[in-house]
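The two complexes that follow have chain A in common; it is paired with chain B in the first and with chain C in the second.
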Partner chain A sequence: MPERFLSWLKSAAGITILLTLFLAAYATIDRGPYILVNTAITGGMLALVAIGLALLLGVMNVASFVHGEYFMIGTLAAYYVFTPLNAYLTENPSPFLTNAAPLIAILSAAAVGAAAGALTEILVFAPMRRRSRENWVMNSFLLTVGLAVVLINAHLLIFGADFKGIVRYWPGRPFTIMDVFISRDRLFAFLISIIVILVFWLFMKMTRTGRAIRAVSQDETGSLMVGINLTGILIFTMALGCSLAAVAGASLLFLYPSYPTVGLEALYMAWFIVILVGLGNIIGALTGGFMVALLKVLTVEYIGSGWDFVVPTALIIIVLIFKPSGIFGSEVRGALEK
Partner chain B sequence: MTPMDKVLGKLNLTPAGILGLVILAVLPFIPPFNQEYMIRWLISATLIAAGAIAFDFTAGFINIVNFGFYAILGLGGYTSAILAVNYGLTPWIGVLCGAVTAGLLGLLVGLLTLRLRGIFAAVMAWFVGLALMGLATKMVWLTRGPLGLRTPRLFETASNIPYYYIMLLLMLFIYLICSWVTSSKVGIAFKAIGQNMDAARTSGINPTYYRILNFTLSCTLAGLLGGFYAHYYGILTPDIMHTAKTVEVLAVAYIGGRGSLWGGAAIAFPFILAMELVRSGLSNLPGLNLIIYGLLLIFVMIYYPGGFAKFFNTYIRHPKNRAMNYFLNGSTARA
Partner chain C sequence: MLLEVKQLNAGHGFLQILWDVSIQIDVGEYVCIVGPNGAGKSTTLKTIAGLIKPISGQVLFKGEPIDGIGGHKVTRKGIAFISEEMNLFTNMSVQENLLMGAYILNDKDLIKRRMTYVYEFFPRLAERRSQLAGTMSGGERKMLAIGRGLMSNPALLLVDEPSFGLAPQLTATVFESLDKLVQEGLTILLVEQNVTKTLAVTRRGYVLENGRITLKGKSSELACDPHVRKVFLGV
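Moving on, here comes the complex of A and B:
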């Protein structure tokens, strides 16, 4: 075991994780523990979006440019569920409902995201798959580009361009951890991301459906041979991936009010994570979420906001030069070829 | 075969194409196109048409989507504008410097990503585009950021007609370059790589080399376009590098027909006009024109991947009438 651990430490993954931990420790001592807190909250949510993206890459071979739009759909759904609930609560106070209303909003956002994902698969990808699988990766990528344009502008057309946000989900005094005030919303957002990731993990490992999804990601033809309902799995995967993004959007509604292009940053960050850790690598996406969050927090802290598009690109260039398969390498190598 | 036909054949132009160019050339004198705002609209449509040709040169042949197309175009524009503003260089040389800079960036991105799977190049070009836009916004001392950089114009006149002809010539130039390359031996290699990379490799084609060559050339042309656009528009903001602009060119190129070069250019003018009419006619429904864009792109991708060019080649291009056939295909027509 120690030997395996040592060799892991020498791999690209080990070095990066050690470096990240070191950086996190240094910045925490240098600037204060709030860096760590911010990283944890952003990281959890980035991980949710990136896991969804990695799932679509690994299982469906879809390089999704539209994933941020499911984040947007999540914020929108949560806003339209939470606002009336909140208005109702101000007239009829009820302690139980006050605590439950945000959860209802987030859960309904998850449901709406899943429905949107399933519809996307049925209406867009399935017809495409039936017609031709030649050049699938590029063609499906272009489809998602078209879809992103449609969804962003549908939001603009139907709901308008103004910011649709809320002040807070959970009322009450902020918590204090390590001399840092953390609002309840932030803490709950972090907890939600951890719980969702855990449930997702257990689901992928323990259930038959989860196993079937992993089988499809490894070998599509093989999974058809052993009797897996491929159409169903593809619809389900799309719904799952989109629902994760929608949950992230809904939980962060207090930070990012809903507007047409709110998903762009989430999309960009998720893609950055996925390229960094290796296409289609789901565990990598989880770790990468926190690493990138730290990078983002540090960039804003030390260099200034606005540079958070420049620093990641520089890092990606380094990764592409030295280790194009990503820091963690993709386990589903070749999934994207053809 | 007359000498005229030979020249046309060499240039990959058909009599129909010439007619189209002539119509475009006289358009600014025909009502309702002879008003200044219509000429400005024509110029922006020409920019998109020319961009679609250069974009299709990469997307349609080696199957790489340059998702930072407008960022690279904007880099060409900024280079030329900064040289003109800070060092007093005449724009006519500046645009060439802009093209070279854009080409160098294209070469770098290509060297980095084109040995990998196609999606890496697309995403990397997108990242580089976002980074460039971030730099253009943040480096205020050089680019004046979102306030916009005032650029000297190419001509002294207030009229836009000279700019229209310059852009039209530029479009023709880009078409000639691209069609000349794609009909040469190199072009066959491009097509082979785009259709089946493994087969191409087996036939002794080095895919990475040809892909980088193609990508660099496309980026150079984009930079050239950007330079001319900057000196026509008079003010340059980081918005020119926005991904939404790339998506516009992408949609036009794919709806026009991938791998045809002329398809995107042919469809750009009626298409952009229709979009403009929808946008201004239904201004109480913002975003509707872009929804139509996206839906059209999706429909073309799924149900008619060849786009307008394939439709034209299948149903219109081979009429029974010999004169019509000559008109549409030139003297190289095959029955």
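Moving on, here comes the complex of A and C:
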């Protein structure tokens, strides 16, 4: 075990994680603990979007460029559920409902995201899969780009271009942790991302359906041979992946109001992560989420807020030159095992 | 009649490979399909297993038509297909692969019994329980593929080229285990290139050439047939 640990430390993944931890520790001492707090919140949410993206890549072989739009759908659903609830609450105060309303909004966003994902698979990917599986990766990729344009403009057409935001989810005084004030919304956003990731992890490892999803990602013919209904699993995977993005969008509504292209930043960041750690790698997506978040936070802190896309992009170019399969790429395979 | 294939025509895309193939198998039989490379043996098995949709013809299993219903439903009817390339889940452990084999079973006790049965049948797999399938040797993977097929408690086992890529000793072990399964009452349809060995162990056989059945009969008689001896055995 110690030798295995040492060799892992010397691998690209080990070096990067160590470097990240070192950077995080240095910045925390240099500038203060709020760096860690910001990284944790951004990282958890980025991880949710990136895990969904990695799932679609690993299981369905779809390089999705429409994933940010499910984030957008999440913000939209949460806004239209939370705003009337909140208006009702100002007239009829109820402590229980005040605390439950944000959760109701986020859960309905998850449901709407799942429904949108399932519909996308049934109406878009399944018909294409039936017609031809040649050039699948390229064709499905182009399809997602087109779908993204359609969804963004559908938002513009139906809901308009203005910002649809909320002031806050949870009212009340901010918490103080390590001398840092953290608003309730931020803390809950972090907790939600951790809980969702944990539940997702247990689901993939422990349940029959979770195992079936992993089986499909490893061998499609093999999964048919053991009696897995491929059509059903593909619809479910798409719903699950999109639902994760929608939860991220809904949980961050207090930071990013809903507007047509709100999902683009989440999409780009998720792609940074997925490219950084290796395509279709779910564990990698989780760690990568926090790494890219730290990078973003540090860039804003030390260089300036205009640079937060430049530094991660530059890093990815470097990673792709030296390690084209991503930093976790060589050691891992399969949807969850990768 | 357990399996009845009637006038089956099938192929990949526009390329037709099977022409009017008919096969009958009774419960408890050990039947083989032999033939040269590219004759359509694997295509026959894949079509029965539901992985290829036939152009025309019928596949009846226990009297029910199963052609074109889809691979996962064929498995649910009680047919286990062990493909040449095995299609194992390489990043799952032996245990998880076997659990996936029992995917169609809902009874937890039955799954446990099947698991014990498979581990007793292949003690080697029990030793490697937590090893990843992708890191095992060729022979062990073949055992795992057969074990995974047995997990679903099938009535019919379709085995494609069990000797493919294996050393002679391992091939013998795999053939022995198939023999044992037949003695336990399982029906097996075997496809092999190793004609001598196959005709020696099975009871009945079909000879497939260029996608057509050219000969059928008892294996011992087929082994003595002048045409078979000339084409396959080179004597």
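We adopt the following convention: the second predicted complex is superposed on the first by the 329 of 338 C-alpha atoms of A that agree within 3 Å, B and C clash if a C-alpha of one lies under 4 Å from a C-alpha of the other, contacts with A are read in each partner's own complex, and residues count from 1 in each chain.
In the analysis below, contacts are C-beta pairs under 8 Å (C-beta built on N, C-alpha and C of every residue); 3 or more make two chains touch, one makes a residue touch a chain.
As the structure is a computational prediction, the values presented were derived from the model and not from experiment.
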item	value
Fit or clash between chain C and chain B when superposed on chain A	fit
First (chain B), second (chain C), both or neither touched by A:310	first
Touched partner set for A:47, first chain B, second chain C, both or neither	neither
Chain A residues touched - chain C or chain B, whichever exceeds	B
Chain B versus chain C as contact partner of A:320, first or second or both or neither	first
Inter-centroid angle chain B-chain A-chain C after superposition on A [Cα, multiple of 10°]	90
First (chain B), second (chain C), both or neither touched by A:228	second
First (chain B), second (chain C), both or neither touched by A:295	neither
Contacts of A:149 with chain B and chain C, given as first, second, both or neither	first
Distance of closest approach, chain C and chain B, by C-alpha atoms in Å	17
On chain A, the residue positions that both chain B and chain C contact, one per complex	337
List of chain B residues in touch with chain A within their complex	63, 65, 112-113, 115-120, 122-124, 126-128, 130-131, 133-135, 137-138, 244, 247, 250-251, 254, 285-288, 290-291, 293-298, 301-303, 305
Sites on chain C touched by chain A in the complex	49-51, 70-73, 75-76, 80-81, 83, 86-92, 96, 99-101, 103-104, 134, 148-149, 152
Complex contacts: residues of chain A adjacent to chain B	63, 124, 127-128, 131-132, 135, 137-139, 141-143, 145-150, 152-154, 156-157, 161, 260, 268, 271-272, 275, 279, 306-310, 312-314, 316-317, 320-321, 324, 336-337
In the complex, chain A residues that touch chain C	208, 211-212, 214-215, 218-219, 221-230, 333-334, 337-338
